[in-house]
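The structure under discussion is supplied below as structure tokens; questions concerning it will follow.
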Amino acid sequence: MIGVELSKMFRRPRTWTTIAVLNALPVLVAVLLRLTDLAPRPGEGPPFLSAVLTNGALFPLAALAIVLPLFLPIAVAVVSGDAVAGEAQAGTLRYLLARPAGRTRLLVAKLVAVLAFVVVTVVVVAAVGFVTGTLLFDAQPVGGTSVSGTSLTQEELAGRTLLAIGYVAVSMLGVAAFGLFFSTLTDSPLAAALGALAVLVTSSLLFTLDAASPVAPYLPTRYWLAFVDLFRDPVLWRDVVRGLALQGVYVGVLLTAAWANFTTKDVTS
Amino acid sequence: MSSVIVTRGLVKQFGRVRAVDGIDLDVGAGDVYGFLGANGSGKTTTVRMLLGLVLPTRGEVELLGQRMPRAGRRVLPRVGALVEGPAHHRHLSGAANLALLDAAGPGGRRRDRRRRIAEVLDQVGLGGVGRRPVGAYSLGMRQRLGLAGALMRRPELLVLDEPTNGLDPQGIAEVRELLLDLHRGGTTVFLSSHLLAEVEQLCSRVGVLDRGRMVLQDEMTRLTAPTGATVVETPEPGRVRAVLDGRVLAASGERVVVRGADPAEVNALLVGAGVPVTGLALQRPTLEEVVLAAAGTSADRVERA
Amino acid sequence: MSGHGRARRWAVLAALVAVLCALPAVVGALPADDADVPAADLRDAVLASAGVGFSGYAVSAGGLTLPVSDQLPAVADLLSDRVQLRVWWRGEDEQRVDVLTAAGETGVHTDPAGTWTWEYESATAERTRPAPLALPAPPDLVPAALGRRLLSEAADDELSRIGARRVAGRDALGLRLVPAAAASSVAHVDVWADAATGLPLAVEVVADGASAPALDTRFLDLDPSPPPAAVVGFTPPAGARVREGRDVGGLLDEAGSRLPAARLPDTLAGLPRRDLAGAPAAVGVYGGGVTLLVVAPVPHRLASALRAALAAAPDAVADERGTRVAAGPLGLVLVEPPGRGAHLLTGTVTLDALADAAAVLGRAPA
């Protein structure tokens, strides 16, 4: 079942178009940065972007930071919103369920497929970022500097970059769970994706609002930028751990909600 | 004869609308069952309840002797279905669609999957379609591919909802032949349709649905059994009435209906009296007449209250 | 049948959500163990904690919006924003405090010979020598350091106990300081000290007439064991810009030397002048404990910028006694006695006391 969903996901031209579009922005930023040599001022712009001018090997992180606030969640919302609602709209859902693909199994397989999409997307963005960064900027072969000003060896830098890629992927799980839940509520993939995006926009907005500070620790986007903490020395695990736990809770709750709804739903599409 | 589909008091309520209102279906093994009803009479909802897609508000469904939807995982692999038109992933080829669907549930062995796909594609007349994506198929081809999907695992029961939709007359004939062929091989066919002719040509048993209620369910032979009257065709209907005084039930144009289940006896009487007889047959009601008599007005009609 | 199953499944979800929502509240409501420690003993325990090494994570929320954001942006941000601090503390002169931002950090590494300040986003390392007088810096916001500083001169009769609460998952004993000085603008200072080590875990400074603290700094995580020296130390990384920082003392000396030396009175606003070893003569510090008043000469350029900022501040009080601004308990006034250069008066005194001091300074003979 999971294999079927993965196959559907990655044999679909739209999946690869989305990933390609997602990579266009960091590459564009890299080219502009190379041509103008104008780094963002401290405190502005995405994390790691100003450091790229001195070490191109950091561009995978800058690329992730560029797509993280908007592009990546939009892509995940669209793909996850399409998961069940897309099948419903195309009419293939009734054949899947009459086959029978168990409803719970289908839900889990869909989540795994969306997760695979997230991982592949993040890895591709990082890989394209690495190629772009090393082609356009000077890469320091001896490693790099941590955010705290200590030196990192090449291995440490590579290890932490992998951790950051993993963390960014996990950060997208909450969005995916929202998309999947909304996807079981409606037969319109667009409505499901917009629903997930509405949650994200609300979360990002509340995060900036002092009046909402009591709920801030529970917002799905709260710990997204914590991947920067992996490049402090010593690593600051606090927000990373909280971010992982929070995403876990969102996935658990929303998957339960999706299950409660989908397994008792009349499929009339 | 064991029952393949049984429903008892099946009810489905959508909000305030009662789409299905107490249906008792009984389809035996080896039947070709015609499930007739106008658009909106609840056919599709019933079919979806049989397959566990829609959950009944009340009542029971038994498929191949087991309760649905609980036993879906055991029963549905032995059922092939075509519900409300075919649906496929447009960017994939027909064979890829079949392979994905086959892999999505139990009972589809991976080892002989390619062979089974080739077989069913040949069976529905799509053997030479190649790797073209389904998006480039015609409506009729998609209908055939949907049928192929239903046949993939040699099901004991076929549940088909309007299977000849979008097919040209040759296609309809082909599908009819295919279904009869499968039936001869022991497959039970449950055919939901609003096309009387299709059902009349194929089915051994008929159920008629009207506004969510079952108004008729019987063997085709019994429904269209001789009425005990004989139809006489003659250029001189007036003389028939004179010869067979009191036995004429109806007359219109050159057609006269006469009481008496023995055409030979009627013929002998008329010929003996010198009345020319150009046609002679036992009277049988058509399925259309039976259905119209059982069901009311079309469900599409919205009468002024 | 199906309706029943549906209700049951949603009930499972509702129960799950309820448990998850209740969890933070339950954890937050964990009772703290109070200990029967008199206020003065608790203060002594706090002051004795200076040698305790620890590492932790603290958050400081300041409401001190001073109109100096153009002149001293770092100080203004420190006192008016929510600041996240990572702290490694080996002793008063060996510590590291990182101010975390979303995309970088500023690390302040203190060793006995001076301070390295590392700015990630500009890749700059700045070395400053120790000075008797310094502008507020991130280490000053660490609850442990701030609590000790605020309690260092607290008299017994200014102190009272205010129960206990949990801070950073530890039992913290409450100590309230209500300054006795009439001129003080601080209503009270609450220090929550670790029952085990005496380390202040949370500090709240509340201004006169305010309900919310003007400064609230607290640990969220604390590990009361000394961190390794390797974490605290700092070596500028390859490729970083390294520069020598200018210390405030030098700046003040310079300002003072270019101006005719103003003789500062022995008391201002009822507060006695105190000696500060090594401080330039031009700078006067008055008062004690949490009630302090600082008089410092200001270079001409800075003075005119400050004047403009003060005049533009929306909540400034302007009358014949000068233009004064208060941010929480902190007051600020610029005095410009004719012919003697500008002086800045600032401290935790009421605006009236500030005005009196300014008047005295304006009259003081050259």
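For reference, chains read A, B and C in written order, and residue numbers begin at 1 within each chain.
Rule of thumb we're sticking to: a residue touches a chain if its C-beta (ideal position, glycine included) is under 8 Å from a C-beta of that chain, and two chains touch if they have at least 3 such contacts.
Values in this document were obtained by computation on a predicted structure and should not be read as measured data.
Peer 1: Based on mean C-alpha positions, I'd like to know which chain lies farthest from chain A.
Peer 2: For chain A, the chain whose C-alpha mean is farthest off is B.
Peer 1: Which chain is most central here if centres come from C-alpha coordinates alone?
Peer 2: Measuring from the global C-alpha mean, the nearest chain centre belongs to A.
Peer 1: Cα centroid separation between chain B and chain C, in whole Å?
Peer 2: 85
Peer 1: Per the centroid of Cα atoms for each chain, what is the distance between chain A and chain B, given in Å?
Peer 2: 50
Peer 1: If you average the CA atoms of chain A and of chain C, how far apart do the two points sit, in angstrom?
Peer 2: Computed value for the inter-centroid distance: 39 Å.
Peer 1: Of all residues in chain A, which are in touch with two or more distinct other chains?
Peer 2: Where chain A meets two or more other chains at a single residue, that happens at 264.
Peer 1: What are the residue numbers in chain C that touch two or more other chains?
Peer 2: 2 - these are the residues of chain C that touch more than one other chain.
Peer 1: Which residue numbers or ranges of chain B touch two or more of the other chains?
Peer 2: Counting only residues that touch two or more other chains, chain B contributes 55.
Peer 1: Give the list of chain A residues in touch with chain B in this complex.
Peer 2: Per the stated touch rule, the residues are 1, 3-4, 7-8, 11-13, 90-92, 94-102, 264, 266-268.
Peer 1: Name, in rising order, each residue of chain C that touches chain A in their complex.
Peer 2: Residues 2, 5-6, 9-10, 12-13, 16-17, 20, 24, 57, 86, 98, 100-105, 107, 118-123, 125, 220-221, 231, 234, 236-240.
Peer 1: What part of chain B is in contact with chain A in the complex they form?
Peer 2: Against chain A, the touching part of chain B is residues 14, 45, 48, 51-55, 72-73, 76-77, 79, 81, 83-92, 96, 100-101, 103-106, 149.
Peer 1: Tell me, which parts of chain A touch chain C in their complex?
Peer 2: 42-43, 45-48, 50-51, 54, 65, 140, 145, 147-151, 217, 225, 228-229, 232, 234, 236, 238, 249, 252-253, 256-257, 259-260, 263-264
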